[in-house]
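There are structures below to look over.
The following pair of complexes shares a single chain, chain A, combined with chain B in the former and chain C in the latter.
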Partner chain A sequence: MSINILLYKITLLVYLAATILFLVDVITRRVKLGTIARWILGGGFLLHCITLGARYFATGHVPVVNLHESLSFFAWAVIGIFFLFDFKYRLDILGAFSCPLALALMILGAATTAPTPTVNPALDSWWFPVHVALAFLGYAVFALSFVAAVMYLLQERMLKSKSFSGLYYRLPSLEILDNINYRCLTIGFPLMTMGIISGAVWANSAWGGYWRWDPKETWALITWFLYAALLHGRLTIGWRGRRAAIFAIIGFLCLMFTFFGVNMMLSDLHSFNALEGR
Partner chain B sequence: MTNKQDQSFLGIIWDFFCSLKLAITTLILLALTSIIGTVVQQGKPAQEYIQEYGERVYRVFVALDFVDMYHSWWFLTLLNIFAVNLICCSIRRLPRILKLVKHPVLTPVEKHYRSFANRDEFTVPVAVDRAGDRLAAFMRKHFAAPVVTARDDRIHLFAQKMAWARFGVYVVHLSILIIFAGAIIGSVWGYKAYVNIAEGTSTDKVWPRDSQNPIAIGFEVRCDNFEVTYYPGTRRPKEFTSDLVVLEGGREVLKKTIEVNDPLSYRGLTFYQSSYGPAGEPVFKLTVTERSSGRKLKFEAQRGEHVALPDGSSFAISDYTDSYKSFGPAIQMHLNDKNEKHGNAFVVFQRFPEFDAQRGGAYSFAVDSFEQQYYTGLQVAKDPGVWVVWAGCFLLVAGCFSAFFLSHRRIWLTIEPAGDGSLIRVAGNAHRNQPAFEIFFEDFKSRLKEELTGRQTPESAPLPVVETNT
Partner chain C sequence: MNIIVVGLSHHSAPVEIREKVAFSPNDMKRPLRQVLDLPDIGEAMIVSTCNRVEIYATSRNPDAGIAGLRRFMADFHQLPQDDLQPHLYDYQGEEAIRHVFRVSASLDSMVIGEPQILGQIKTAYGYAAEFKTVGLILNRFLHKAFSVAKRVRTETNIAGNAVSVSFAAVELARKIFGSLDNKTVLLIGAGEMCELAAKHFINNGVGRVLVTNRTFSRAERLAAEFAGRAIPFEEFPEHLHLADIVLTSTGAPTCILDRPRVEKVLKIRKNKPMFFIDIAVPRDIEPQVNGVPNVYLYDVDDLQGVVQANLKERHKEAKKAEEIIDLEIGQFHAWMATLQVKPTIVSLRRKFEEIRRGEVEKTLRNLKHVDQKQEKAIEALTSAIINKILHPAISALKEKQNGEGDNFVDAVRTLFALEGTAGETQFKPLAVDDEGLETDQPTPDQSQGAK
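== the complex of A and B ==
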């Protein structure tokens, strides 16, 4: 087993520990555990940075080429963005929702470890890491908005049915959740815009056309249209709360289809097979 | 009468295209219809659709333009509605924003103050004039230079920061229109084509995707050399490059080695490395040793070619491979006697030049090298709109940042006489990021009070005294 894979597995275990602590914290309402969980998660994040670095030196390319690498990078971005928001909001519950998400991505990634992939010459460009980093950071921010939206709907249902589980007491107010949702949108949307543009610049230098309507491009654009609609609804018509939350969830599902679905169901240049030059 | 009806009809259309509901509906419709083109493959030959979906479905697809939906009349109509909507919305809103920025309320009344969430009022034992001077200086220092208006017995101060942030969203709208314009320029005055050039040859024509007639490009492109490197132990290409030369009237004007991601541009045309393949038969270089004399003879041969040997017999190469089991490149060949009668086939390995001597016979063979000629596959694009698109993209990103992260902040102050001192009203407003502004405003307010109520804070009090003494 190469060092980066070993590091990857250790990172996964650390994330698992943090996830368990966050969940216990939220369910049993032991706030101290949340602090410990944060420290452990911080350590895991640092380890993850080293893992990515080790992978870079082992393979010689920015490690986002195959499914394993991109899942790992996605999980890294989710945790990174969580810390960014945690800095401001300090919500254990956000950890209890984002950690399992990152953990799931890591487990998927562990199941798809492959030997060093060979890289299609088209990837030998500086636009490639820029494009992928922007795209995944956007994914991660929208993942957080998805988490906030799910919490919003959960809480709203509890309020309506007046059945309050233990979880209810740990959820932040509807207003804060809506606020997080909006913040994510205003950060994620520019990231996604830049992700699409950098992809276009790169495609233009590699294939002689900035837009070819390949399924991945098109799905990214579809998602962009949806988030643009949500932005206009929020900023000008005053959509809030429930409707905005549902929209954020649909947007994120589209985004996940852009990431996974297109590669698995539709064939195009973005599929990992094509990236690896098969 | 008819005139009035006309007006209202135009008015209805205008309102329709100005509506935000239309914007959101169009965005969602664009998203939903775009899905079709990701499920139905685009621009394939009819045969492929018929094979996959059957003849009848194919006819429906053609009728609805599903096989090339992103260029269909209905998708383009949707994009047009989107663009018109964008323009109308901006035209309707822009004057209001311009007015708000250029002609702010300079002499607000009490009602104006009451409309803000961030506001305060208090009295200070300072005369109106003095308070006005000090507050103007204070605002300049802690926020922005204020506009001072004295009316009746009141003094009004107004200052704003980053008013242009209000225009971020219009920059975004404009940038999308610019990108559209770039795309239209590209599709009207540009084309996409391809050309294959065998090593050592040149071309002055390229073949567009959708037509059989080549386009003359007005100059020549020659490929001097093509190289491909593989990942070790595989046939997966790691990199491939072509040495291209541009010729004008037979004279070399530009030379460049292109690779994937690094194209050659000349006179508005860009040549991208996109594929490659074998061009013609490989040429084998052989050394033949005449056993009787030990003389070594050099030959070049292609597959199937009969090459005469000094004694009147001949040889021919019948096959070759890159790797024969684990022994590397090898050729299969045979000898023909003087009567053109085929001898038995035998194998010669490039890596083992002495090996064939063991076969016996008048001649032994060794492969020095074999050269496969390649052709380089070039994607050729002419797109005069591409820089317009990039300009639009740049504006799009800049506009997004200013629209989401910069905020137009305004602060009003009114000073009016109250007893011996003055009554101060203050209000502030930001068009984005309210929580951050709230914190700023609280801080601004408390400093303001400090400024007017006699510098009670210990840090600020002694300082001026020291200054005047020295």
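== the complex of A and C ==
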């Protein structure tokens, strides 16, 4: 087992520990655990940075080429973005919702540790890591907005129906959740837009055409329009709360389909096989 | 020495009994002195609130001590023994420690988690300290109880959620709006409940208050009180969109707000959420209003439901508090155990013997040509020295066993740094005030003047 895979597996275990701590914290409301969980998660994040670095030096390319690498990068970005928001809001429950997501990505990634890929030289340009990094950072931000939207719907449900479970006491106010949702949108949307544009530029330099309507491009565009509609609704006609949360959830599901579904079900230029020149 | 508790509370006695055995705060010296004069009582303090009257004391002979306190309770208040005895409970040893910890942490209160009880116990302790009826054990014990109460309050959410209807409304508003700054409250009608809730909202930072009432002069009066603005009753629908929180309590026989109106208002507000609190019976707001997106409508029953849910949550938190208390009882018990004379003598001897042994070995290693006879002589010499030094101290400990023994034991343990005491025996007298929690158990930083 190469060193970066070993590091990856240790990182996964550290994330697992942090996830368990966050969940126990939220279920039993032992606030001290949340602090410990953050330290562990922070340690895991550093380890993850080292893992990505080790992978970069071992393979010689920015580690976003095959499914394993993408999942790892995706999870890394989710944790990073979580910390950005946690810095401002300090919500244990956000950790309890975000960590399992990152953990799931990591486990999927562990199941797909393929041999080190080599990049098809025709596609090897600096646009490639820029395109993929922007796209995944956007994914991660939208993942957080998805998490906040789920939390919003749960909290809203309880406030409307007036029956409170223990979760009611752990969840923050609707205002904060809606706010996180909105912030994610204003950060994620530009990232996604730039991701698509940089992808088009890269495509042009590689294949001599900006847009080819392959399934991934089509789905990315559909998702982009969804988020654009949400942003527009929020800014101009006062969409907020429940409707915005539902939109954010649909948007993220589309995004996930763009990422997983298209890769696995439909073969095209964006599949990893094409990328590796097989 | 044992800690004992005798008393009654809302659990064991109705108010007619409780009021008869209450001790007046203006006259604490007399009863405290009398308790101390009872046989078998070492130290004592009296807690007297409207929900409980309890005597905390120490005794060499707990059963006799308890019997004495039980009799005292009735005698002091000139009540027939038979009337009072069934309502009194008593605890000794570990159970007494647990009881006092639970009471100070507000686990035994009528409304679990209510904050007053701790202050009341501090005041009671203050009297006892003033009249010098507490000594080493109760001092340490009460400090421990205060710090346990503080731990419970910071580590559990026992006092976290509102248990009154009007405050529950404020908390709900917080769950919806987050911060209440810049939020506007509209009062429709001016019932007492409405006023109370409005006060809570203002104390919690609501930005602006609008008041409307069928009698405009009343609206004006209330508006003046809250530094708000009065609106004529006929015009309030036009101002509805300004309000984030609407409190209604009119005497109107039918609903004054219906769903279509609220839907229209929400459109003007661009869907900014609204929180309606309908305290009136019959209700002022059509229940269907709750179905409008981003609108939350609570009537009196709903708020009661919230209070019930909050109480349930407090009970859950109380379980966590019990765990903390279990842990702390163990610690305190360990300290109490060190106060026993025999183990103290044993560890005192052991300590001296260890020192002697170490020094003798060191010396023998450095000396050359020491034969067995000489070695024995050195052993005998050193043993004789420590025995001579220890003899009066040990006889004194044995002699005082039944009197001020605890103080002696504690002093010996501190002076010779025997285990179970290190650094823990020193504490400042507690400054009794409302927020006196911080003055518990000085940490090393505090005693070095870090403040």
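As a working rule, the second predicted complex is superposed on the first by the 278 of 278 C-alpha atoms of A that agree within 3 Å, B and C clash if a C-alpha of one lies under 4 Å from a C-alpha of the other, contacts with A are read in each partner's own complex, and residues count from 1 in each chain.
Assume a residue touches a chain if its C-beta (ideal position, glycine included) is under 8 Å from a C-beta of that chain, and two chains touch if they have at least 3 such contacts.
Keep in mind the model is a prediction, meaning the values are calculated, not measured.
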Superposed on chain A, are chain B and chain C clashing or fitting side by side? fit
After the superposition on A, what does A:Ile197 contact: first (chain B), second (chain C), both or neither? first
Comparing chain B against chain C, which has contacts with more of the residues in chain A? B
Which holds for A:Asn66: it touches chain B only (first), chain C only (second), both, or neither? neither
After lining up the shared chain so the two structures overlap, which partner does A:Thr51 touch, if you call chain B first and chain C second: first, second, both or neither? neither
Touch check for A:Thr11: first (chain B), second (chain C), both, or neither? neither
Quick check on the superposed pair: does A:Glu175 touch chain B, chain C, both, or neither? Answer first, second, both or neither. second
Let me test your reading of the model: by the given contact rule, A:Gly238 touches which partner, first (chain B), second (chain C), both or neither? second
Looking at A:Lys162, would you say it contacts chain B, chain C, both, or neither? Reply first, second, both or neither. second
Give me, in Å and rounded to a whole number, the least C-alpha distance separating chain B from chain C in the superposition. 7
Across the two complexes, find the residues of chain A that touch chain B and also touch chain C. 237
In the complex, chain A touches chain B at residues 118-119, 121-122, 124-125, 186-187, 189-190, 193-194, 197, 200-202, 204-211, 213, 215, 218-219, 221-223, 225-226, 228-229, 232-233, 236-237, 254, 262, 266, 276-278
Could you list, by residue number, the parts of chain B that touch chain A in their complex? 20-21, 23-24, 27-28, 30-31, 34-35, 37-39, 42, 70, 183, 192, 231, 234, 236-240, 259-263, 270, 272, 274, 379-381, 383, 386, 389-390, 393, 396-397, 400-401, 404-405
Counting only contacts in the complex, chain A reaches chain C at residues 28-32, 155, 159-160, 162-164, 166, 168-169, 172-176, 179, 237-243
Would you pull the chain C residues touching chain A in the complex into a rising list? 155-157, 160-161, 172, 174-179, 269-273, 290, 293-294, 296, 298, 302, 305-306, 309, 313, 316-317, 320
